[in-house]
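Both complexes below contain chain A, partnered by chain B and then by chain C.
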Partner chain A sequence: MENNVKRKIAPYLYLVPCMLIFGIFLFYPFIKTIYLSLYKTNKMGQAKLYVGLENYKDLLQSASFINSLKVTLIFVVIVVLGGMLLGLIAAVLCNKAFPGIRFFSTSYALPMAIASSSAAMIFQIMLHPAVGIVNKLLGLDINWLNDPNTALICVAVLTAWLNSGINFLYFSAGLGNIDETIYERASVDGATGVQQFFSLTLPGLSPIMFYTLVVNIIQAFQSFGQIKILTEGGPNESTNVIVYSIYRDAFFNYRFGSAAAQSVILFVIIMIITLIMFRIEKKGVNY
Partner chain B sequence: MTQINDSVALAVGDMSREELLELKKTMNAKALAKRRSRTALRITANVVFAVLILLPLLYAISIALMPSNELFTTELNLFPKNPTFSNFVNAFRTVPLLKFILNSFIMAGCITIGQIITCSLAAFAFSFLEFKGKGILFMVVMATMMVPGEATIISNYLTVSSWGMLDTYQVLIVPYLTSAMGIFLFRQFYMTFPISLYESAKLDGCGNLRFIVKILLPLTKSAIGAMAVYTFINAWNMYMWPLLVTGSNNMRTVQIGISMLDSVDSQSITLMIAGVVMIIIPSISIFIIGQKQLIRGMFSGAVKG
Partner chain C sequence: MKGEKSMSEIALRNVCKQFDPEHYGVKDFNLDIHDKEFVIFVGPSGCGKSTTLRIIAGLEEITDGELWIDGQLSNYLEPKDRGMSMVFQNYALYPNMTVYGNMAYALKIRKYPKEEIDRKVHEVAKILEIEQLLDRRPAALSGGQKQRVAIGSAIIRKPKAFLMDEPLSNLDAKLRAQMRVELVKLHKKLDTTIIYVTHDQTEAMTLGTKIVVMKDGLIQQVGAPQIIYDHPVNRFVAGFLGSPSMNFFGCTVKAEENNRTALILDEAPNVKKVYLNGTRGKLIADKYNGRHVILGIRPEDIYEYEEALEMGIEKDSEHVEELVVNREMLGAEVILYFDEQGKTLAVRLKPENQTMVGEKVSLYFDMDKAQVFDVDTEQNIFYGEE
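== the complex of A and B ==
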């Protein structure tokens, strides 16, 4: 009898450590965030006054938050397209063996080992209006990070660069899965390299492409360090993506309720995009 | 197609043996030249693209070695004229960089070891044991991947500050002691082992924990290696959480500490970049050493579309 009980309980014991951590630092705070988003809070972050959906209403009517949504959307599009393009080019360049391939493939994967904050500090100097290499090489005199027209593009390009490393690995794995013989047959039939790329390589990559796309979108929404260091949401809120806006509202304005509501909106946006992507995948991607 | 073959056959028929050998030679030489030029083209394209990708890093190294008076010129100064290591030395003098590095090592090391333990335990239960609610619990774990860290970070901050845990090692480490991705990765590996492996070990009187330590862990070295490299680098590079929960020099991690070198004094640019280069070195070294493991672990079975 005792043995039987033990056998029934034992499996759960192996889940206790991970469930404890998930419970305290993921499920509980997630529910608490939803709860906080329905309240006005004091400076200590304690819920004081139940206001229902008012935080959400205020947000959707505030020009600043609408701007945040718009900025986030542009940012995500540039980051995802840029990061995937860089990774794809690198993977195609390393598709066939050649002398030095190991050096080059390590180089292309390297950005994934670099912290967003470290990269941001390097880019800060590269984009420095007086001493930066970008202005010097291009012979320009642009204050990249202080101009509302260029600041967002700069942080997005930096983020795309950071993400390109792991994208390169995904795409390399995807290219490795494509059967070599279809290229040989295509060459015999007289298909050019460009035709082969668009009608064989890209479709062959579609399963991994889809996975990479989902991961990239989710990651892009969560970028923070580079924006904190490079622009702090400015100039003129032109880089005030949702995550930065959450940080500012909670830890500078002490409006935890509003920040919590923004967190919930961010979660809902990411969830909807993920669900739509999986719906599309079921219909469109051929394996 | 057949027509061409016929004409080729005709042409070949007209040729002597010497002429044929000659033709073969020139064709081979042509093919070789073509292959060579293709390889050359590929290498050239790779060099150009690699320089583009590595540009920020190469530039950082160059600036870190540059005396600060060389930085402020209007001419193109790609390389330091009088390279110096004084920036590195000064960076150590200006901020407690060694302490930051130690803190980051402790944090990233504990998180890595902790995740490997909790994830292998959970993955073991999910792949070898039968219990009620297994499917649902696994779905719940996988669903946590969808919750962005930012959706919980405010509440987490409020929780740990109400516990008076701010500015300690525990607060940096404990929230990250498990990961859904790790559980998924390990389970993916464990599923490739036949259940009979577990059953026969059990018949021989091998307990569950001993089975994990003596049999599962050694068999999944590549997954553990991949997971360790990935987790360590991510923990080393963490920014938002350490920024919120650490306040004193004693607890700051490298990523937060290094931005202290980013002061208004523009003469300190070279100093700051020297600091950045030094904190990038550990994560890059671990990446280069563990790259093979990482790729093998990530893509064997785990991600196949």
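== the complex of A and C ==
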């Protein structure tokens, strides 16, 4: 009898530490965010007045938020495409053994180990209009980070480079899984290197490609540190991605309700994209 | 299957492949492969047979020497421009393509019209009986099916030569025997050169019109299967071809009268003598009297008394009773094993033979079929003399 009770309870006891951590850091904030998004708050972030979906309605009518959505979309596209392309090219280049491969592999994987804030500081100096190396080398005179036309691209390129490290790692692993001899057969069959890349390498990478894509999209949506340091959402809100907008609403404007509502919208967007991706995967990735 | 050029003369001249300064993969390889030959490279693993095949395919660079394809020096020709097609040991099917896609790939790259590709794929699929598999992916195929697809992908165009790298080694014994027959048929049907690598001497004997026996990167002997089997150039070739393999004994040569030369088996449990006659006996007596040699005799060239009597060879072996230590009934033949000089002596006899383990019989060698090898060089003393 006693044994039976023990056996029923014991599994849950093992789950407690894990659930505790999830509860405190994930479930509680998540539910609290949804709760807050339905209220107007005071400066301390306490819910004061229930307003229903008012916060959401305000957001969807706000030009700033619509702009924020647009900026985020462009940012994500550049970061995901750029980051994956960089990682893929680097991985393909490093797939063959050659002298110095360790140096190159390390270099390509390095962005993984660099904190986004320190990378941002370095980029800030490199992009400095007067003393920055970018203008010096290109012989240009562009105020990269303060020009609404270039600021978003600069931040996105930096983020793409930062993400390329882990992509390089994923793709290298994926390439390692492709059987070498199919390339030998293809070359005897008469395929050129380019034909082999498109008919064998890319399809061979498709399972890992999908995974990488999902991770990259989620990661891109959540970029924050480099934007905070380089542009602070400016100039003229041209780099005001949703995450930064949430941060600003909450901690500058003390509009926790609105910030919470934006968080929920961001969550919904990412969830929908992920669901669509998984739906596509079932059809697209084929072995 | 028409249009493409199919004549092929492949010549290798002093081809060497060095993987590092110390180690040769292939050394001083000289061979002419004529149009429509079925050439087999055979040897133990690490003998350089696959490397040589890959050199012909262009997958391996040549360190030294020349490769000529149709009178054109081809050392540096890209694989895709050599006009070969290859079947790999692990089949190397493209995992992301269907069977149809796999077979059509080489043609698609050559920009054949769609209808022609379709016609050819179905034609080849019909020959290999894989029509019902065309929509499947390689992961959903069995070993034998994969192998057929690999061969199908190779024969769909008419290359100068088919290169096959141990294509049957991943199949079970029954399927392998079946595919051997099919390959011979296919060779007749396609009427093209096939260069085939295997470590299996049975495959080599049954498939080839020309066998190239290799060891340690060096060619040991080149020739038709029967010729190599009957006249091996050295002890390695003699032992490598044939199953069970040739029996070897250390012997001492003792010349007697009338060109009759006795070979006395060293360290045999009882003193056993066998005799070589005629020119063979004279040859050995002249060069090796009193010295040690190695006698080689195949299991099928050893008989029991009655048969030996019928053949008139009973006088060439001294009557010594020997103990049967093992017996293998294979259906069409019986193989008896004896303990001789601490090694196993195998004897292949007719299936009617009822000798059991533990019994004693006397063995008679057909000495006209025996080979004698030099102890130091291991060369066949009779090679080229008969």
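To be clear about the criterion, the second predicted complex is superposed on the first by the 287 of 287 C-alpha atoms of A that agree within 3 Å, B and C clash if a C-alpha of one lies under 4 Å from a C-alpha of the other, contacts with A are read in each partner's own complex, and residues count from 1 in each chain.
FYI, contacts are C-beta pairs under 8 Å (C-beta built on N, C-alpha and C of every residue); 3 or more make two chains touch, one makes a residue touch a chain.
Computed from a prediction, not measured in an experiment: that's the story for all the values here.
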item	value
First (chain B), second (chain C), both or neither touched by A:Lys70	neither
Residue contacts on chain A - larger count, chain B or chain C	B
First (chain B), second (chain C), both or neither touched by A:Lys48	neither
First, second, both or neither for A:Ser199, with chain B first and chain C second	second
First, second, both or neither for A:Lys57, with chain B first and chain C second	neither
First, second, both or neither for A:Arg279, with chain B first and chain C second	neither
Partner chain in contact with A:Leu266 - chain B first, chain C second, else both or neither	first
Partner chain(s) touched by A:Asp189 [first = chain B, second = chain C, both, neither]	second
Residues of chain A contacting chain B in one complex and chain C in the other	287
Touching residues on chain B, where the partner in the complex is chain A	39, 42-43, 45-46, 49-50, 53-54, 56-57, 59-60, 63, 71-72, 76-78, 117-119, 121-122, 124-125, 129-131, 134, 137, 141, 144, 146-159, 174-175, 177-178, 183, 208, 233, 236-240, 243-244, 255-256, 258-259, 262, 269, 272-273, 276, 279-280, 283-284, 286-288, 291, 295, 298-299, 303-305
Complex contact set, residues of chain A against chain C	179, 181-182, 184-192, 195, 199-200, 203-204, 206, 286-287
Residues of chain C that touch chain A when the two form their complex	57-59, 78-80, 82, 84-86, 88, 90, 92-97, 105-106, 109-110, 137, 139, 153, 163
Chain A residues within the chain B interface of the complex	8, 10-12, 14-15, 17-19, 21-22, 24-30, 32-33, 36, 45, 86, 89-90, 93-94, 96, 98-100, 103-104, 106-119, 121-126, 128, 130-131, 133, 136-137, 161, 164, 169-170, 173-174, 177, 207-208, 210-211, 218, 221-222, 224-225, 228-229, 243, 246-247, 250-251, 256, 259-260, 263-264, 266-267, 270-271, 274, 287
